[in-house]
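Input: structures, listed below.
Look for subunit A in each of the two complexes below; its partner is subunit B in the first and subunit C in the second.
Right after this comes the complex of A and B.
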């Protein structure tokens, strides 16, 4: 337990144990991005998965829309301390996209329109843990929230859920992404409060 | 890599920037120093062990073991009303940091700098203004500072004093001083064209404020031809802090 701040009462909001350590609940949807919001026209949008031996799998927007989608309702946790419960999305499970990909790579570097990158072990993208999301709360995903499509990987801090996602490079060796090279934790498990390098 | 530790921070001084924003000067034994633009996590713990954390931008460059924050009181907030109205000289909180390696300015930067602040988004940008002055940097700075009305400004006295190489332009969205030629209104292309740098100068731009403001300012900079890779943003929303 930390030192006590004289006179601090605080609010204890019931969250049924769904709030990771150091997080607080919000009801709006804050935006955090390192730069301007890219605008990506759908007729030029594409998503790619590049394997470690240089094979490329590619989906256009039309291809993506033809794939079976899911409607996950998940809690999201931002490293800047806010958490939002029961967020409703629609998107394609990465399991569907990875079906036709042959790879033994253990690491993924996710990259976005605008140049953002973030890394995760491949296993964190599979088995129902990650989606390519294009609708939020019943509407098309707004550009400032990552539209037309963003990654959704809710079991790690939300910076891993890359906005404006463009593709995934599969790698034999881990390669840290944008925030991971700027002092943030390489993995980012909110339940172990892995915010910063060394946590 | 060692974990960033929580450190005890004792309030040494404080001053009001306007009727809802208070600057806290904290003494933090063992503080490792920081860069202009970085932020810290603040942790408050109640007597029964309940604790909560928030992030706050640092308002001034590193000065030994002193860390300066400016906190805007958010009505109904859990943490900011405590920091603004309850915390007294000698009281202690905990802080962890510095955090953030992207939204930073270093005095060896040669490119001209444009700072675009919306409301309390001025705080990390003021750390850059002060860092430049302290380092005797000749890097030309322009600050475009948008607030609701003149009374909402922070650091007004300090920004009024001459600081060669720093140009300050105010944009008021709701009410303007008497004789002010620009009518009140949100940030426009003309404001950025007049108060900023031409894109050909390849400035480094730092934009900080509420989400809507940052979205707009960054979009306008792009439409003026600025390289998106040189526009750094930091956004915050009304998150009940």
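Right after this comes the complex of A and C.
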């Protein structure tokens, strides 16, 4: 009964078909973590993309700030069933970072300060679908939400939007990440409700 | 670093579903740093998307438990072994 009434409430609030199946709306911003929050000083922060043939591309925080940014407003969907609509971010499109990267790899393993990992096909990171986000709702991204910078890939469940992101390894073979090796779905499309392995 | 974790007693429920005895009293050895102690002393993050239990010494992941609708996934990657207290075995 609880599940039915929560979903019903979500629709009545005017989410206009923007809630994927099984999700309910929240207006706060829940914090989920699998470990202590890393504190990364900006003068030691870096972001790297490693290609499948071992070439490393590296950006310092200053490098990142010089790149053109975008201000995506997107709906986000957590696999634990909350969704939040119209979240406002600022960050650099991964298309910009990948401009200088030569690679034919199809898979990406995203890794974070603190050791978290998550995997996605490279095509899900390109063509305006993913950002390296460093501001949320007009403020610097708070450490508990992944600051100084997190990945933002809103078309898949939010565990793919790695907090405290440190880099991307491009791979010829898919390699499952932290939650993908513990029962969660390898891809995680909220519209197909791909929560767990086998969904 | 923030310290917003639970203690290992939070594992009692999810592990009770899987094991026949209370696992929070089981003594494990961290594969990362060698620290030994009962699971109740682990630093536990969760419950969602799953329970992640870390060594209080080195913060490496000792174990993870994910409860899906019809299965649980248990990852004991960071426990060298677990000493599980049991009652006396019946003499054979």
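What to note about this one:
Throughout what follows, the second predicted complex is superposed on the first by the 186 of 199 C-alpha atoms of A that agree within 3 Å, B and C clash if a C-alpha of one lies under 4 Å from a C-alpha of the other, contacts with A are read in each partner's own complex, and residues count from 1 in each chain.
The rule we apply is simple: contacts are C-beta pairs under 8 Å (C-beta built on N, C-alpha and C of every residue); 3 or more make two chains touch, one makes a residue touch a chain.
All figures in this text were calculated on a predicted structure; none of them were measured in a lab.
By the touch criterion defined above, A:43 lies against neither subunit B nor subunit C after alignment on the C-alpha atoms of chain A. In the superposed model, A:159 lies in contact with subunit C only, and not with subunit B. Shared-chain residue A:22: touches subunit B; no touch with subunit C.
A simple residue count on subunit A separates subunit B from subunit C, and the partner touching more is B. In the superposed model, A:196 makes contact with both subunit B and subunit C. Comparing which residues of subunit A touch subunit B with which touch subunit C, the overlap comprises 32-38, 80, 115, 144, 179, 181-183, 195-197. Against subunit A, in their complex, subunit B makes its touches with residues 1-4, 6, 8, 41, 43-47, 49-55, 78, 82, 86-88, 91-94, 99-103, 211, 215, 218-219, 221-222, 228-229, 231-233, 235-240. Contact residues of subunit A toward subunit B in the complex are 1-12, 22, 24, 26, 28-38, 80-82, 114-115, 144, 178-179, 181-183, 195-199. Within the complex, the subunit C residues that touch subunit A are 1-5, 43, 45-46, 48-50, 52, 54, 59, 61, 64, 66, 68-69, 71-73, 75. Across the interface of their complex, subunit C is touched by residues 32-39, 78-80, 115, 143-144, 159, 179, 181-184, 195-197 of subunit A.
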